[in-house]
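What follows is a pair of complexes built around subunit A, which joins subunit B in one and subunit C in the other.
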Partner chain A sequence: MNPVIDYHALAPEIVLSVTIILCLLVDLFIPDRPRLVPQLASLGVLAAIIPVLTLAVSGTDVSMFGGAFVVDNYALAFDGLFLVVAYITLLVSFDEIADGDYYGGEYYVLLLTSVLGMVMMASSRDLVSIFIALETISIPTFVLAGWRKHDTKSNEAAIKYFLIGVLSSAVMLYGMSLIFGFANGTKLSVISEYSAGSPPALFAVAIFLTIVGFAFKVSAVPFHFWAPDTYEGAPLPVTAFLSVASKAAGFVALLTIIRFGFFNSSDSWQPLIWVLAAASMTFGNLAALRQTNIVRMLAYSSIAQGGFILVPLAVAGDVSGPSAWEAVLVYLMIYAAMNLGAFAVVMAVSRRTHSTEISSFAGLGRVDSVNAVMLSLFMFSLAGIPPLAGWFAKFVIFRAVFDAGTTAAVVLGVIAALNAVVAFFYYSNVVRRMWFDEAPEVVSSPRPASVALTLAIGITVVVVVVVGVYPEVFARLGQLAFASG
Partner chain B sequence: MWGQQVVFWLLAIAMGAAAIGVVRSRDVVHSVLFLVVVLAGAAAQYILLAAEFVAWVQVLIYIGAVVVLFLFGVMLTRSPMGHDSNRLDNDQRWAAGVVALLIFGVLTALLVDAFGGQQINFGPELVAQGSPQAIGSDLFRTFIVPFEVVSMLLLAALVGAVVMARKD
Partner chain C sequence: MTLFDEWALTLAVFLPLVGMALVLLIPRGQETAVKAVALITSLVTLGVGVGILTQFNYGKARALQFSVNESWIDVINSRFHLGIDGISLPLLILSMLIVPLCIIYSWNHFPEPHNPKAFLALILLLEVGMNGTFVSQDLILFFIFFEVVLLPMFFMIGVWGGPNREYASIKFFLFTLFGSALMLVAFLALFFTSKEATFDMVRLAQFGGSGIDHTTQLLIFAGLFLGFAIKVPMFPFHTWLPDAHTEAPTVGSVLLAAVLLKLGTYGFIRIALPILPDAAEAWAPWIGLLAVIGIIYGALCCLAQRDMKRLIAFSSVSHMGFVMLGIATLTSFGINAAVFGMVAHGLITGMLFFVAGSVGERYHTREMGRLGGLLTQAPKLGWILGFSAMASLGLPGLAGFWGEFPAILAAYEPANLANGLFGTSNLVTFRSFMIVAAIGTVLAAGYLLWMLQRVAFGKPKPEFEATHIHDVHASEWIAWTPILVLIVVLGIFPGLLFSITDGAASSLTKVFGG
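For the complex of A and B:
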């Protein structure tokens, strides 16, 4: 009795694995062509998008290994998101890695392995697969965060991220092992059946431990303290990857495990996620107000944005339709575009100023008006101002809150609305300094931004503007992803 | 059943004492050796539960590989060896102790509430579940995708370790 394996459904994973091995071999045997590995890596990611598209067109759901690995619209939507984010991360990495006398080939191997974990995560419907996918995402990024080996800040970033990552995995595994003990199976469908009965109090604790593990990964308050230091110390492309791709993968894991596994015991997870969401939004925003470094500000802002993404999950049990799930997907897609864009502009500007302090952005409007316009667009989008994509992300969140309509949901909605106002201050502060302050004297030698970095900024800005004006694009995608569920 | 109960408690007490030794010891090498006792105790518990294969994997991987790796790590890096009471301790030991006791208490109460009074039925079915054949069949049928992805993960971990360790 051999398992039925559909290679078409596994094609994105297979293409990525082959690319990883090719990158290693090319780096080993053709060392005098340093640009070959990055090109190969980005080709591999683009090639992995092709089967995602063909699977989406074919439209049939594939379920393998007794429902442990499922390729449906839900999985494909997130596969697409991860692969596009990976491509943009590669685009912003080229300059930074080539200039900084880093190990080039190994960087791309590790980055792609992390992406492989993400693509697997989207299809996993089983605790073992979800755990392995999460580790495959995290372990390469521990090393990537410390890529600047001679910089003590980068070392600190890697060590903090590693210790917290390992601790959170241990907590999560303990919770998962208890759940396995209760449900007598690791498949989410089995757990869902079990939780429909009347499980004992310990089952709620097991859910609590599992979700706490994920809360570390998505840096939700109060499990966020590693994030600002790690984001600041890691190389900028890695920070962009951590704050977008790795975070999105954590949310996908949370979404999958709640939607397919824990949904019936919403009494256990809804209050927990409610607290995490409210604390993340409030604390993230208040801390972001005080930052003088734009990377640290973006780190706290991403904690706050993570809180917004938790809002629809916190009310999901009371929403009858799929609007809460759709809100998570749509918010993640828009957040990915605007946050990656913001990081790409920060990278382009810091190539000239060699600084990521907010003061070094003063007067950017006169010195480099194109980048100043771009960064203003991303900042206003992150703040949620129409007609940029950010407003639609906020809109889907509030729609889910209204669909739920319970008192807890409304209170959370009010907290979210207040936080959106607070966030406006620090985002607009950056914009104000760029356009109204005098530029400081720049003494350092500028390094021009490459075509790849410009392309990354171009792609993200197009998404932010087009989705802001025609939100139907992402709204339709969200509906398709959850149509059957 | 009495025999199993007695062996379980002997092992559990030994493991608990050794676990305290791991965190109390002032010498890294002693900590690692205490850890061997804990891990071996876990392996023995697996045998009590008729999970032979997992027990031997525990011995081979944790005692055989992980502990030896710890010892090599201590030996090859400039870690503090011998008695150095300040480096392995810090001011938060009492807070940590309280937290540990609290978690122990809560989990014990809840575990007894959830599983107290249940008996494991050691029939041939249970023994067959822990056999290498059953585990191999699960691994290569149900869990083949995670299994293959783990191999990519190990490759990445290897590459990452080389990058971190390489002199430049």
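For the complex of A and C:
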């Protein structure tokens, strides 16, 4: 019995796969043209966006492989997000990889493989396909984290990330196997039907283990401890990728599994996610306050931002409409733009100063005012200050909280509000160093940012400003993604 | 609807933004061009303001005029809704007037580290936020403009401020951010609990909180209260203000005192009172209590200050207490007094900060113990200081009087509510407040005259005897004359302003005490 395959619906995955193979071949047979692979990779990613758009326009949902793989608005919205994020990650990678005596070709192959996993993740509606997609995402990133192989910090980053990654996969797989045992199936629709009955208490344990596995992936407190070391040790473009794309993929997996699978047993997962959200926001912020290195600061800040993204999930069971799901998508889109932008500027600046210490940003406003303005915009956006996009991300979170309206939800909302204020302190610290302090008397070699890096900063800053002033663009996307569900 | 009616408010809000973009495009070296563009933009904006003044239908001051209502964020039912009535109009014009005067004042002496381009761009951005807040009729839009104000002021204090600028700027920002986070939460709570899921202020005011149960109303009002009270600032949330004022550059202090503080009191009048009238009645005595504590506390703090600017800053706490007392009476008389008080305080305290800045610039100190004899060294500056101090202490015939005196008078006859504080009736409560507030005016005379005496009277201290103190510059004359004239005109013809605000104030307070 042959499965029915809709090649149009699979086109993004196919385009990416072909690009990966081409990159490998080109790198192997044309080694004296080092710029060919990155160009090919970015063209491939852009080409993969085209079928996503045509599928969105055609508007018909496609379900394949017995419902394990679904292409609907929900999947397409996240496909689009992942591909755009991948493109920007590629843009910020060019200089860094070209300058650093790295193995260029393999870098792009691994990165694209991880992106392929993400695109698969968005469509997965089955525990097995979710797991496979998640591993496709993770395994290349273990290698990428250790890309600076002569640097002990990079090695540490990779080993820590790898061990934690394997551990979390094991925990998750154990939970999934228990679920399979109860529900007698791995399809999320089957699990959903099963949990609508009255599942035994042990089913809650299975849910618990599965979600803990995802908590490692999205570095939610208390399963976050790998993140700061890994982020600091990995090459900067990889850190940007990890803290945006692969984190977003973890959230998408969590969102999918909760929305389509566990939704009916909200008693089991809501309290757990509530605790993860509150702990991540609070601890992430408090730890970020003490950082002196901007990459570590961004690492902890991304833990805190992850906590914010968990907030709507923690109240999703009490929300009748789709506002909680929309909040996750909208937050992820805005977060991706502002965090990638921040990393891009840090890269542009550190090419000149060779340092990522926050003190090395002192007086940047006078030395390099354009980059200082850009970084200020991203920092204020991350802090949620209007009229930059971050405010709307926070807004949709609060909207979901009030939509749920339960006491637990409102308490979490208050914790989130207080954290939003604390977060301003460390984000603004970078801004204050840049504008309020004098520049140190260090002679630095000027290395102007490349076109690609400038383009990356340009795209993200436009998103941050436009969405901040006219949030309807992303809000509408969020609404469309969840319209039919 | 003429074309001007449709576009006036949009222009008033976004012209400064266009000016800011132009300023940013001019190369840093061309300072004159930067200054000229900034000034022209702010003057054109003021021109739009004059146009609004002439086209405004004063017979219908209670109704929203120059309305714009376009779709903005449909997904959350938030619209781009602008409009002004008799309460917004004076504040909008005040904001439009102060900005060009600040630019003129800065013309030849930008504070260190100079950089007029960035400084003027920030002032224009500030104007976008200020004007926008006064014309917004949608809660989310209001929130955005309310917040837009923060960033430019943060940078103005942090980059161009005094020695302790970093602490002051972050304190200013964190306090306000905390308040506005709670305010946003309150807005959302209104959205979900009111009869219709909307952020439109007009609609919400029509519902007047009906359908929301009483406890929830009280909580939502508390959230709004914190957001606005921090901005005003009311005792005990005022601690950011003296630091911010002391460290801010002169123009920053002026804008802060003249316009930014009014965003808080305006929020009370525009949002908190009409949308949640029942909760407002329940909280009013407490707000009145904090207001009179602020009046006395601010005045006593003034008496303990050595720095001139810090003294004026604390006097703001005291004066804004009168405004809040007027609002807390929930009568149309009180609201009229409050709006007048806001405008008068904006002009007078703004003027005092201008003078304090000029004094500080000439003597390189604002410590009153070291100053003296300003009247002999720079007589015109000394007289202007004296004039402003007199206006500030509420001398009849000058604008300050019409802010303070009616507010006290309004407390004699507050809205007829069920009960006041500590088991007394609302009437007894507010009449006690009235007595305390009256004592406050005596203290105000005390600290202002004391400041005048130490700075302007007597002979210069030995360390400044030989210093040449330049009297009022031309740019200072141009910047100050409109303010001085307005202080006199409004003092002699208070009806000019009361006639604008009265209609809106009385329609707003109709719901109270019934």
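Simple rule for what comes next: the second predicted complex is superposed on the first by the 483 of 485 C-alpha atoms of A that agree within 3 Å, B and C clash if a C-alpha of one lies under 4 Å from a C-alpha of the other, contacts with A are read in each partner's own complex, and residues count from 1 in each chain.
Here, a contact is a pair of C-beta atoms (placed from the backbone, for glycine too) under 8 Å apart; a residue touches a chain by one contact, two chains touch by 3 or more.
Given the structure is predicted, the values throughout are model-derived calculations rather than measurements.
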Chain touching more of subunit A, residue-wise (subunit B, subunit C): B
First, second, both or neither for A:Phe263, with subunit B first and subunit C second: neither
Partner chain in contact with A:Phe180 - subunit B first, subunit C second, else both or neither: neither
Touched partner set for A:Ala133, first subunit B, second subunit C, both or neither: first
First (subunit B), second (subunit C), both or neither touched by A:Gln479: second
Touch list for subunit A against partner subunit C, complex: 380, 385-387, 391, 395, 398-399, 402-403, 405, 413-414, 417-418, 420-421, 424-425, 428, 432, 435-436, 470-472, 475-476, 478-479
Subunit B-facing residues of subunit A, complex: 1-3, 5, 10, 13, 17, 20-21, 24, 64-66, 68-69, 103, 106, 109-110, 113-114, 116-117, 120, 128-129, 132-133, 135-136, 139-140, 142-143, 146-147, 149, 181-182, 200-203, 205
Residue numbers on subunit B that touch subunit A, as the complex places them: 106-107, 110-111, 113-115, 141-146, 148-150, 152-153, 155-157, 159-164, 168
Contacting residues of subunit C [partner subunit A, same complex]: 72-76, 140, 143-144, 147-148, 150-151, 154-155, 158-159, 165-166, 169-170, 173-174, 177-178, 181-182, 184-185, 188-189, 191-192
